[in-house]
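The structure is given below, and queries will be raised subsequently.
Which chain is which? They are A, B, C, D and E, in the order written, and residues in each are numbered from 1.
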Amino acid sequence: AMASEKGLMMATTTSTDNTGLLDYLMPQFKKDTGIAIKWTATGTGKALKLGQRCDVDVLLVHAPPAEKKYIDAGYGKNRREIMYNDFVIIGPDTDPAGIKGKNVRDALETIRKNKATFVSRGDDSGTNKKEKLLWNATGKPLPEKENWYVQAGQGMLSTINVTEERQGYTMTDRGTYIKYQSQKQDQPMLKVLVQGDAILLNQYSVVGVNPKNCPNAKYALAMEFSDWMAGPRAQKLIGEFRLLGKPLFTPNAK
Amino acid sequence: MEFIISGVVQAIFLLASGDSSTWSAVAVTLKVSTCSMLMSMAAGLPCGFLIGYFDFRGKRALRTVLDTMLALPTVFIGLLVYAFISNQGPLGEFNLLFSLGGIAVGQTLLAFPIVTALTAVTIEAIDPQLKLTLISLGAGKKNILATCLWEVRFGILAAAVTAYGRVMTEVGISMMVGGNIKWHTRTITTAIALETGKGMFANGIALGVVLITIAFGVNLSLSFLRKQ
Amino acid sequence: MKSPLAYHFNQVEHYYGTNKALDIKELAIPRGSITGIAGPNGSGKSTLLKLMTFAESPRFGEILFNGKKEHLFSPSVRFEISLLTQKPYLLKRTVFENTAYGLKIRKNSKDIRARVEEALSKVGLPFEDFAKRRWHQLSGGEAQRVALAARLALHPQVLLLDEPTASVDAESAARIRDASLAARRDWGTTLVIVSHDPQWLNEISDTTLHLFEGKAVKPGRNTMIPGPWTTQPNHMAFCDLGGGQRFFAPDPPARDAMGLISAHDIKLDPPEKSREFTNQLEGIVTHLVLDPKTAMVIASIRVGDLMVITLIDQQTVAASGLYPGRVVTLFARPSAVTWL
Amino acid sequence: MEFIISGVVQAIFLLASGDSSTWSAVAVTLKVSTCSMLMSMAAGLPCGFLIGYFDFRGKRALRTVLDTMLALPTVFIGLLVYAFISNQGPLGEFNLLFSLGGIAVGQTLLAFPIVTALTAVTIEAIDPQLKLTLISLGAGKKNILATCLWEVRFGILAAAVTAYGRVMTEVGISMMVGGNIKWHTRTITTAIALETGKGMFANGIALGVVLITIAFGVNLSLSFLRKQ
Amino acid sequence: MKSPLAYHFNQVEHYYGTNKALDIKELAIPRGSITGIAGPNGSGKSTLLKLMTFAESPRFGEILFNGKKEHLFSPSVRFEISLLTQKPYLLKRTVFENTAYGLKIRKNSKDIRARVEEALSKVGLPFEDFAKRRWHQLSGGEAQRVALAARLALHPQVLLLDEPTASVDAESAARIRDASLAARRDWGTTLVIVSHDPQWLNEISDTTLHLFEGKAVKPGRNTMIPGPWTTQPNHMAFCDLGGGQRFFAPDPPARDAMGLISAHDIKLDPPEKSREFTNQLEGIVTHLVLDPKTAMVIASIRVGDLMVITLIDQQTVAASGLYPGRVVTLFARPSAVTWL
């Protein structure tokens, strides 16, 4: 990737960057290790692709099944779980379909039955992958072509905006929801209706780029990064990170 | 490299097989860009003509402003339009957000300065004799407008084609105002952005080739206008 | 009741920037007349014609058209006044479309083809050969004539022609003359024609207006004596004509003043004895040209560097055995000189 | 609506306070766009001149291809450039990925057809007499090129300004090739895209205003060229 | 050794599309000569000049310049041949820059100002008044003269002028004549000049080439009789001249053939008795013009619609009491007519 000696190039998902976590964390990493890290924030799909094509050295992503496939294909190596936050299903306060308090499976069933508007990111991002997983867990096919199933093909916040305009439901990561909430001066039109299900966990991991696939990749530095992220100092910092006063990520490195 | 080749192959496949989501995006792109080109030409040609034909105080300043408008980022235009047509905006009741109409409005704003600025400079380059010639043959104001534009039709065509290229390829407005909603407001360019974001580079290339094929078709059918 | 005057200029001045290009105290052009405009380059001829189309307004003064103040785009101006500009512009279309353009604007669409054919034949361009040619497939003179045909096709009330015969061959020049005369005869058209060909202009026009530095020179045939003038103590100034000859005139207003002397004031025979001093000039006859209207002979006589013009009747030419190449003596009273 | 106002206020603040990340993006934008404009003008002016000046077989076909190239989506160009300069691409060893040079290459590809097509149509509109006039005054090939371009300088200026607007505002190439890396390859437009993606519409507007201010400055300093 | 011929045309034909515009079997133009080119509109004059600049190559045949085959951009063509086009184009700059353009290209930068001043004064434009004007701030004739000045400033070896006096006033036309003569005298320039003003052209040129439909007409002063010809059983055809007069000629090649008769074959006195039939035509003298070079008088006589040209010496004019307006009888042998 980059020419500099101790430079590390990372591809990450937009959520880590958009929440400001990296801007908070990375100067510390530099200070501790002397490694200059640069990152490009993209969709999970593109991030994985950049790693597969050896354009970056390390990934910070949140799509465990895709990551596993990726490693099995020989593109990635040494996946390490770092932290998680969770997904929630949000919808209008009035909750026309009546999903509030239900578990994920029932909630989605209810939406499907009522043909209530559901906005999907539809961009194959980590979040989108998770959402598709949830639909699959209901045992019925993805409502790809249903009129009420809106595929926005955009980032999370834009998708929430679409949902608000359409008075529909959507699934979002909590970080973005907090941002949305604060933008609406804590009086958001969309409220959290479903949360806390184990299936809603959103696991972030660091994956190294496999040096077998990419001999030029700085695997050693990538591992240094991975170690640091999993280390006590970074874990503590992650735990302390607040967005608008609310904790966002729960460190869970083993 | 390999994804370019597979992208091109796939483009042929997409077009030939009549892949419905691709064709939906093609239809949306054509609908919206046609609409916004018509609107921006209808407004831009007369404005450009007036600026190019007449000398007036502040003309140079106006030209500078117009040239600056050529550098309006599409996301910016998208945000502006969004501000007006979102539910909380002053034009919220027209339900333009996430609709083709909304995108067309934004793209019109995008194309208008291009059409206007290029028309103005083309009209300005007209032989000063033409003005007096037309008057002396009895041309009225509308005749003068029409004949001048026709005299420089190649320049106008270039303005239109440039604006069309801009409109066809923009992402910011379609994304922000249209919302990239599959089957509804997903254009080819937002689809390319989406595929690329997913890491499906070959798909992106394929859709790009589709777009270029359309543009080529449009330009081919315009090229008869270029006959001397 | 329509005014008998097509145009009436009143204290008209026109400027380009601070540069005065035209200064016409009064000018009356009767309907159905043919007015020639002559004058050196930059004397304001084209400017005058432009003002007559109302495409621009004079900075000062007023121009009445048919007795009324008019403005551009008023129907009587738009459809009745047609100007052939000095450098005619052809639309990027065929010859036919160029010629038919004004007719189409007039929504006069039934006999367009016939009118175009008529107009093209008037300027000597066969319809079959030329109608389908494109604007750039023409020689200089052909283009000029297409532009004229486009104006003739309109049958306008007023036809303003700026050097219609520049770069046109002699035969076509004659055709253009005939077409102009026919326009007046058949449609009552008023014509104003600028030309640098004095003979051609004289053949065609009822009167000729001479412009000089934007001002109208007194009408008639004049010889211009450009100075510079050397003033003598006796109030008599002279201008060197070259070849040792001098032209005397009283009190020039400026060193570079332009003196004017009418052709009638240049005589071939010595005046009867008078107390007044007389210029006596030797020259060579270079041109003898028949003025078909007055049947007089216009003689151009080269005196030094100056071309002196005088009018002689045919009998006198015959009697005095004048022929081009003959050396003659001319007489002119200094007091006959007027100043511009 | 309210975010527009707060965006404008913030823009003034950003510019006045010398916000370092903003100024970094401004510098990147100026560097890259200047570089790509220089390259595309250097290539596009002569090409446009040749196409406009000469008549040759296949000219109309070439023009159609050129017009089609006006409709190359920036993401598509981004993908193409990426394919070549990524580590697995044929030019991988030049380390152009995620660098300003890479962006400049892509933007040059974007601007080149605009400069070329508009130059060609402007040159084509030149009075055919000019050609013979220049030859008859002893102009050589280079003189003819230079003088023709200077004769239609307003048209060329318009071509340049249009291309500049396009380059300044593009996102696809900067994003794909540059990677939107803060302090390094983040341009104003990719920053706008980022802020907008985060939902920080006011920030997006603010950065848009910054971009427009720069464009205005550039155009203002060019407007003296428009003096007759 | 340089060829004594500036130009040599050999079987040159040039076409626009399928339309033959020029067909010159042979043409030799000596160095330092002044060649006039005359002919009606569309006869190929401008085409001829364009070929002489090598800006275009003739479809067939070859043109030698100074004895050599040449091509555009060869230094001897580029810097030595200068053409004033029929519709001169001024660069969008000042008059000074227009005039200096060619000099700057020649990297001849030390005396540019002096050269420009000289060139402008040669065409009668005072440097102070005009140098700083912009291209559009000129009258038609002024623009024409600026364009000429730009060519004169170059002191070229060959100067091709396409209607330099169109829309130029009489005084400037005289100036342009003088400048052309001076160019030959001072710089040895070869000039080829197209003009529709036969008198002006005659005054200036050594020989005049008449073109008609792209072909060179036999040299000298000729009257053209355009037909149509009505053939009679006795192989004698006639052309109606109008006013009941007919011109007879034997065997026209076509109904519309153009007949030519030299001025020398038109006589004012009846020929001695001969068996040959003689055309006898009645006409009115319209112009008598002195040819300064031969000191002969060129008489134009209107016969019906035709202008017949004949050459008479001064004595005869004086003796026979010829004057413009006089009715005369002309005699011409039918067999003197040649066909184009």
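Basically, contacts are C-beta pairs under 8 Å (C-beta built on N, C-alpha and C of every residue); 3 or more make two chains touch, one makes a residue touch a chain.
Please read all numbers here as calculations on a predicted model, not as lab measurements.
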| item | value |
| --- | --- |
| Contacts common to chain A and chain B (chain labels) | D |
| Steps needed, at minimum, to go from chain C to chain D via contacts | 2 |
| Leading chain pair when contacts are tallied as C-beta pairs | B-D |
| Distance from the mean Cα position of chain E to that of chain B, given in whole angstrom | 55 |
| Inter-chain centre distance, chain B versus chain C - centres from mean C-alpha coordinates, in Å | 54 |
| Chain B and chain D: spacing of chain centres that average the CA atoms, whole Å | 17 |
| Chain A-chain E separation of Cα centroids, rounded to whole Å | 87 |
| Chain B, residues touching no fewer than two other chains | 127, 176, 196, 201 |
| Overlap residues in chain C, where contacts from two or more other chains coincide | 87 |
| Residue numbers of chain A (touch at least two other chains) | 154, 158, 161 |
| All touching chain pairs, where touch follows the definition stated at the start | A-B, A-D, B-C, B-D, C-E, D-E |
| Residues of chain B that touch chain D when the two form their complex | 1, 3-4, 60, 63-65, 67-68, 70-76, 78-80, 82-84, 88-90, 114, 117-118, 121-122, 124-125, 127, 152, 154-155, 157-158, 161-162, 164-166, 168-169, 171-172, 176, 188-189, 192-193, 196, 201, 204-205, 208, 211-212, 215-216, 219-220, 222-223, 226-227 |
| Residue ranges of chain C touching chain B (in the complex, touch as defined) | 50, 53, 55, 72-73, 78-79, 81-85, 87-89, 91-92, 101-102, 105-106, 134, 150-151, 154, 160 |
| Residues of chain B touching chain C in the complex | 127, 129-133, 135-141, 143, 147, 151, 228 |
| Residues of chain B that touch chain A when the two form their complex | 86-87, 97-98, 175-176, 179-184, 186, 190-191, 194, 196-201 |
| Touching residues on chain E, where the partner in the complex is chain C | 16, 39-42, 45-46, 86-87, 137-142, 145, 162-163, 166-173, 196-199, 284-290, 292, 295, 297, 307, 314, 317-318, 321-326 |
